[in-house]
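Some structures to go through are shown next.
Consider the two complexes below, in which chain A is the common component and chain B and chain C are the respective partners.
After this line comes the complex of A and B, so read on.
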């Protein structure tokens, strides 16, 4: 117990030293100009002012966060709703598997960011292009994990179900899907991470709102404090999203994690 | 192979051909005489252009040269990320003091996606090669570190105890037990990291570059050249596939005693 407290203290000291060092090389000694590395105090100040002011990029921070969340959640949820049943169908019906898998294997190695130009050209710069790009990115882990989850079901469990006279539908919903659920959730987590990252990339490249757009504008005018603040906000929002998913998993998924 | 297996294999191949043909047919029909077709090329010209670009330059370089540019950047960023990630991961996994010092700072940086570093990296390093290496490094190293850390921590305590009882010193325990036990985890991390690196190089090249496959597709977007975008995507997909296959092969050779599923 005492060693645990000791390491906790070391961790605290480490964060403190990190922040102090950052503050000293920027504000106190001024080794680095603030357009290269703003001090932690400046970043905090910038965060507070940005909550209410809309300069220099046209929206306040909460508006940017909301617009980013809206796009990423819309595409993430669509990908989950389409991807999970598709993955399950592929694993359950061999004809679907044989028909869909080749196309899937063809598209899989293209990273979601690679879809950005074509989607922008076809759908224009806006909500739908971003949704389409993130949808493609998030769909892949949803399908793959549902697929492998169902394929991993222990055949003995299926035989037991059959012996007790379970129909194929009953087996799917009462044996296969519950067994696959932890794997499916892992896929959802990966998909969520990909959605958030792809969203930032899409907003960096072509957008007129959102967190990625905010840090991109900050770069063109050399406001490093906004960039650092924006990066931290991106990180924290991503963390909150994955924590929510973890919570749901602990709450609703029974059985061993993979 | 039994008759049943042969029949299965044949039907798989037939279905695969059928589905790819269907995809191409839908593509062909979707762009013939529709408004979409005005900006979207048919499949055959795209493949023709792809083959042609292997020798005829797009911009300043041929497709192969663009690919080499991108691959070299991935190589530098990925290898440096892997080296830092493995060393730091093992150190954190085995030495509690280092764990206590590094972990809180790492946890602060980890949730920030590699692409979000692009504006900062441009401010720090300009738009040269260093920026791209840095972005790829940032995209790749966290996964390697996390997996190595998990591997180094999860080493079976009984194995270490047994080795100690047989008189192994710390260095021997590290080389003969901790390291081999972490290798499968490290590989899992490297695999994820390689695909995020490949994604990060695209993002970096799309924001600031005059060469590479990422430039190819943004260049196509800026000039409205859809064929060039599709050729670029085809190249990106092929290279991504080759990288993933190589990685899986290396894993098979290096940790044959523990292959993960899939």
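After this line comes the complex of A and C, so read on.
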């Protein structure tokens, strides 16, 4: 308990030192001009103003965040809903494996960003193009981790199920999927990271709102404060999302840690 | 399940000239050779033999986890072709489901069989109490010691009420002290809840302490070298003259096999 508080204090101190260092090299020592690197105070001011102002990019910050969240969550959830059952089916039924594997292995090495041009051509620069790009990126870890997770099932556990007369479906749901669950969660975390990171990349290239778009507009008009503020917002929102996933993992993955 | 228990004089497990060869042609490896074995109801049979001799394979053949290449295993008069709920199994290690609590593990078989929750909870609780794990129902296996994990494994096998419980060196990975303790526990559990048990071990003291009958196997390929009916009164003492005498007898028999 006491060490836990101590570690929390250390983490807090690290953030504080970072901010202090940043403040010193900008406002105090003025090593970098504020149009290159604005001070934390400036960025905070910019954040507060941007909460309610829609200039220079046409939307307020909450609207950008919401737009980005909508895209990334839609893609992430679709990827999870499609990818996890697909990975499980591939690992459990070899016919599905043989059917899907060649295409999957072919598409797997293509980075999500590599999909952007074709998606723009096919779907334009709206919501669906971004969802499609991020979906492709997030799908891969969902499939691979579910697949590997199921393959990791302990043969002794299968025997136990069999000696209790379990049917193949029972074995899948009562033995294989619980075995795979921690690995699936790792896949979900990777997918979440990808969907949030790819989102920004997609918005930089093909969008008319969202956090990535906001940063892109700020760059063209030389507003470094918006750029840095946007980056920090992306970081914080990403952190919040992965914390939610950690919470779910702790809740649903049982008996792993003593 | 009740009517299968009525075969009072008949054998629960019958091995009829069973053999097992792994692989084919020149790479083949004969592990079990022409074993005949009849196990009566409520008999505690220990299969004892040198390491790597094929004891576990013999047990897996009874369990249906492996298929015989010759002969037939019958349980309750029916040939064994696949694992089934009338044959419970206790494994060497890692056989508990880490994502389930003690209760979840013990009631697992009943859950698969579709037994109602209240009924299976009650049953599982009885066997959890029997193996001495009262108060640990909600613990996960990571928090339990090796000996406690094996207690859960035993309760899990008992809970499904199988005709025969197959135990594959269940204490092989425990330290000596825990092992003695668990042997006493098995003795206590089996005297409270009589069951047909086939117990594989390579520990001679364990064999004599627990067995109604010891089947001594030869080196690989395993065949029945000799049988010993152990009729010492229970609970047995590891240092009684009769115990030591039998131990001496079996040891000399094993030495003859040129280990």
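The definition used in the following text is that the second predicted complex is superposed on the first by the 232 of 258 C-alpha atoms of A that agree within 3 Å, B and C clash if a C-alpha of one lies under 4 Å from a C-alpha of the other, contacts with A are read in each partner's own complex, and residues count from 1 in each chain.
We adopt the following convention: a contact is a pair of C-beta atoms (placed from the backbone, for glycine too) under 8 Å apart; a residue touches a chain by one contact, two chains touch by 3 or more.
Predicted, not measured: the structure shown is a model, and the values here were computed from it.
Visitor: A:152 in the overlay: touching chain B, chain C, both, or neither? Say first, second, both or neither.
Guide: first
Visitor: So, does A:175 touch the first partner chain B, the second partner chain C, both, or neither?
Guide: In the superposition, A:175 contacts chain C only.
Visitor: In the superposed arrangement, does A:41 touch chain B (first), chain C (second), both or neither?
Guide: Neither partner.
Visitor: Of the two partner chains, chain B (first) and chain C (second), which one does A:95 touch, if any: first, second, both, or neither?
Guide: Touch partner of A:95: chain B, not chain C.
Visitor: Let me test your reading of the model: by the given contact rule, A:73 touches which partner, first (chain B), second (chain C), both or neither?
Guide: The answer is neither, since A:73 touches no partner chain.
Visitor: Is A:82 touching anything from chain B or chain C once the two structures are fitted on A? First, second, both or neither.
Guide: A:82 contacts neither chain B nor chain C.
Visitor: Which partner, chain B or chain C, touches the larger number of chain A residues?
Guide: After superposition, B is the partner touching more of chain A.
Visitor: Taking the superposition as given, does A:122 touch the first partner, chain B, the second, chain C, both, or neither?
Guide: It touches chain B, and chain C stays clear.
Visitor: Quick check on the output: what are the common chain A residues between the chain B footprint and the chain C footprint?
Guide: Residues common to the chain A contacts of chain C and of chain B do not exist here, since the sets are disjoint.
Visitor: If we count contacts the way the header does, which residues on chain A are in touch with chain B in the complex?
Guide: Interface residues on the chain A side: 3, 7-8, 10-12, 14-15, 18, 35-36, 95, 98-103, 106-107, 109-118, 120-122, 144, 148, 152, 193, 196-197, 200-201, 204-205, 212, 215-216, 218-219, 222, 224, 227-228, 230-232, 234-236, 238-239, 242.
Visitor: Across the complex, what residues on chain B touch chain A?
Guide: 11-12, 15-16, 18-20, 23, 36, 39-40, 96-97, 99-105, 108-120, 122-124, 195, 198-199, 202-203, 206-207, 217-218, 220-221, 224, 226, 229-230, 232-233, 236-241, 244, 261-262
Visitor: Name, in rising order, each residue of chain C that touches chain A in their complex.
Guide: 63-65, 82-85, 87-89, 91, 93-95, 97-101, 108-109, 111-113, 140-143, 156, 160
Visitor: For chain A, which residues are in contact with chain C within the complex?
Guide: Against chain C, the touching part of chain A is residues 154, 156-157, 159-166, 170, 174-175, 178-179, 181, 253-258.
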